[in-house]
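Every chain is named by a letter (A, B, C, D and E) in the order it is written, and numbering of its residues begins at 1.
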């Protein structure tokens, strides 16, 4: 690649188009913070953040060249590679998964075996975590449960149409808590504990882009890391940044989301953005065993070299990539959502 | 022939002389219509409250009408008046709708006329158009974004795509309904296709074409909103709908407010078309179409 | 019809009554369609477009054939939802238009009202529907009905508001409401209703697919498209789109046949 | 309304009708006084546009008079219509294009709730009467103008109405067919003892059929002369050869010329 | 097509037309041979439904003959139509309901590209001719049946066509108006030296106007007799008093009775 701090050929900053998974919200606070706080500019990058939506596959934008980097679950990288896309993860943002199945306490669900015969709401792309759990107990998701394609809200769950519903801790779970008017308690099943979690938000690009722009990638990762660290240390600032960039987002919800998202990154076991072989293997196995991908995945699907160089460099001003002192805010949902 | 081509005379205004209804009367009828619409809105609101009362539905599913309306006075997290916020977003959607509607209408009229005129075009094109019409827009939108980018072009294409069909069908059907006797009349004058289009077919089909246009006007708003979904644009009712849906549980009123705003925007579009129709045709009996 | 610049006297959408009708109806679109596909295929092959961007028709076709059984099953489910919606929506709309026709102010008011509802985008209304009906196919049916009804109401009420010398006839024989409806008003409104159906029926397919896309029963075209597109299975997505198109064409042809049958007395069907 | 509600037949007193429009107002009827006794046969003759159809439409409750009194069999037109006391033949055939000839004729019977076999049989008889027995299954647009008008006549006769209002029913027919139908009408009139108001442009037809002829002038449309036709019944082909017939024809023509002169 | 393309006027040779429909086939025309010389005035008379309108529609290229040859001014009907050589008066008025009376009359001139002041002036003249000068701004539904038909006549005359095809143009008019328009038609015919094919049900009208009368029989529709009318021109009110006039009327009636007998 070119030398450090060099811009594009004409001397201006390098342009990057980053496409998110969904509309602007605290899930993406780190990128907005990096842009807002000038971290990208410090690295001589001109980053455009394109929000996602319900009806676009960012991987396709990557392939078409419309975007340079997209935020997608790592599982999608594997399925897309099998479909023939040369996509690759250059950094795992969420070390832990936020995906949960929620249910009311009066359902008497002690463990996965109790799911038999229940109505379960799932989202496309997240089924493997649940299929794997069924598989672990010798059951089959299609045969032993009623699967429904779930919408984006939790009304169906709260109204009792779904026994178990998919929920992200930073989003739908809070909605369920906020909307729960009964005195029943909402419980969660966490695939991380079952060992059937697959990796979520990842920094994804194409092999060819990465090969052509190793230096830009490095600078991007570094600036983004500073963004997330900023959000860890100054959640209120990041909430403001997100609200300023979003469309009429409720503040209380973004506060909750910022806090939950921070919990997915911090404290970091393997260092910020790191995707270890072990993490890879767990996701790859689940997807393969439950037929989401038909041939075993390859380790070409992630490349940590740029991440390693970017974060170890002395150019990384704040060096705490582990955040062992991280303390999440203590938020009471009932109080927060009134 | 050269003297009488399409440009030389306003097609509609002269074609329809409203002998029986002076402008004042038509205006009064229009106002009455608006009043009735308002009355019906009040009735609908009352029914809503009654239904809520009788079924005992909670505020989450059915907020009170006044609660929904009062939400319009609240401020967003960016300290903006919510009504103003909605208006701003509606305006951005309206612009896209209007462009799509105009383009779609132009295409629709042309296609409708060609279909009614030529067996070849009718037979060859109609099934294709119908097939295209059945393409689920949500499935094709990502592909459109890939080819046309995330800019305004995609929005226009989606809106055009939705508006084009009703205009096409109405135009074709309207022209096909021209009575044989009238065709025969113009035939004996050796009228060219273009002349009989201008003098006979368009005037005759106008009432039905305007019905199609009304549908198209409504669809144009729907199209623009759908087009705002695939990539979360920063502006537009589509984005607001998405956000309000996501946070429905904490704030049900927001979704109702934005849904109402979409309706109002659509109604403005449709009523504008109807107003144009009213002045172009007068309350001409639609039954003459047959 | 020797001179070219002469107004066509006989014009029908899908051909007249001539004996060459079936050939014309089948052949012309086939030629149009074949050339369309050829251009597509060539563009993809020569332009070296990746499968993930846009698969070639041949690739889509083989996937379509392979998954045919599954796709048919999905299409049937979607079709049933759409069909129920159209039926319910049209019946309500036509019934309402019939009831209020003649009551000028109410009719006009409902017309304005229906245009308002017509502008309700699926994406805005579907959440509300799911709140009332749950994430079930009932919500999809309701969505379709709500989408179709205002269109049918507009067309039907225009059809009902027509007047002709036949009204004098009906009055002179003191026909009661029922006979006036069945013998005059409905047949006279029929071309309008059919024109409305031509718009509404293809629309119903789109509405149901969009609704399914956002949640509901998993074994429908919309849910399938969504699932496969998140996994970047572009070819599967396109073969489902092909199935959706086929479904759309099928229902449209059905409406056209109904149209031909009901309007066989109509001017455009006459022999010269 | 008329005060003499026992009287059968048709009555109009000081009847007036004014149409207004952008192109100018038209006084279609002014001060029209008319009385057709029960069982009477009144013909109306007058220049084109003088208000004949308007008068007939006032009796059949299709036009609201601007002023004056009007009654049918002692009832108001609306009541008489509801009681299905009259049959109307319009100036244009006015057939429903989506119904076959047969089903056009059965329409009023259907309205009256007559069962299908009976009404089909009646309709077939009526179609035979007007010479269209073999066209029952055709659609209106497959018939010539005169044939369509004959279907309309068959339709009006099918219900055996006590009052017949006929607006130029035979205008589109050739003289031979017309003569034949004139005789048929005489026969039916004799059988039913119906009250008939009959608009025609043919002076000989008016004289041949009527017991009385009203001659109208136009703008304003009023009755300028009432001519009694005292020819013996039953009337038949020989009636036309009687000298009184010719005298009456000449008298009506004179009245018509005078009425037309007023017009322009 | 006819081989004698120099000949003006109307020609038909061995013309046949068959309509088929569910209700049964109808042979509307069979072996019709007809020749109207340039400047000639041919009337057609025949029982209702015998095929008169069909014949006229074949000349005006609105019906495709099943068999036989046909020409207008030596051209095929389609060519003659494209060259705007004929004017047609239909059996029904056939006015466009959304246009005023004036703009209905200007319609053919508009199609021909005549500028607006000229066509409005011509239309006003024509409306005066048919006695409707004050109804220019009315809409068709505001006119009586006869008035509508007069508008249609004004419309057909407005273009000064060299061939006039008229289907019962005066059928809906009273005898006085009819007589007046007959005289007008004679005058116009003399001025334009147009070729006229004229369908009528009135025997006296046919005799008064025509140079030749074709009598038709029905099912199959064929020409049973051709009667020359050798009355002197110009014809006027006195023509009707000539004994030859009555002889001709009686002859045509006889022919019509015979033709009608074939029919049933």
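We take it that a contact is a pair of C-beta atoms (placed from the backbone, for glycine too) under 8 Å apart; a residue touches a chain by one contact, two chains touch by 3 or more.
For clarity, every value in this text was computed on a predicted model and none was experimentally measured.
Colleague: Trace the shortest sequence of touching chains from subunit A to subunit D and report its length in steps.
Modeller: 2
Colleague: Could you run down the chains that neighbour subunit C and subunit E together?
Modeller: B, D
Colleague: Need the most distant chain from subunit D, centre defined as the mean of C-alpha atoms.
Modeller: Most remote chain from subunit D, centroid-wise, comes out as A.
Colleague: Contact counts by the stated rule: is the higher one at B-C or B-E?
Modeller: Answer to which pair has more contacts is B-C.
Colleague: Using Cα averages as centroids, what's the distance between subunit A and subunit C in whole Å?
Modeller: For subunit A versus subunit C, the centre distance works out to 40 Å.
Colleague: Please work out the Cα centroid separation of subunit A and subunit E, and write it as a whole number of Å.
Modeller: Roughly 85 Å, centre to centre.
Colleague: Approximately how many whole Å separate the CA-defined centres of subunit B and subunit D?
Modeller: Those two chain centres are 50 Å apart.
Colleague: List, in ascending order, every residue of subunit D touching at least 2 other chains.
Modeller: 21-23, 92, 139, 141
Colleague: Would you mind listing the residues of subunit B that make contact with two or more other chains?
Modeller: 19-20, 61, 138, 142, 146, 180, 184, 186-187, 190-191, 195, 229, 242, 245, 248, 288
Colleague: If a residue has to touch 2 or more other chains to count, which residues of subunit C qualify?
Modeller: In subunit C, 3, 5-6, 9, 53, 127, 131, 213, 229, 266-267, 270 touch at least two other chains.
Colleague: Please name which positions on subunit B make contact with subunit E in the complex.
Modeller: 1-4, 15-17, 19-20, 181-182, 184-191, 195, 199-200, 203-204, 284, 288
Colleague: Spell out the part of subunit D that touches subunit E in their complex, as residue ranges.
Modeller: Subunit D residues touching subunit E: 19, 21-24, 26, 45-49, 52-53, 91-92, 100, 131, 134-139, 142-147, 150, 168, 171-178, 201-203, 253, 256-257, 260, 264.
Colleague: Residue numbers of subunit C touching subunit D in their complex, please.
Modeller: Touching subunit D: residues 165-166, 168-169, 171-176, 179, 183-184, 187, 190, 265-267, 270 of subunit C.
Colleague: If you look only at subunit C, which of its residues touch subunit A in the complex?
Modeller: 50-53, 127, 130-131, 134-136, 212-218, 223, 226-227, 229-234
Colleague: Using the touch definition from the top, list the residues of subunit A that touch subunit C in their complex.
Modeller: Contacts found on subunit A: 54-55, 57, 59-60, 63-64, 76, 79-80, 83-85, 121, 124-125, 147-153, 155-156, 159, 161-162, 292.
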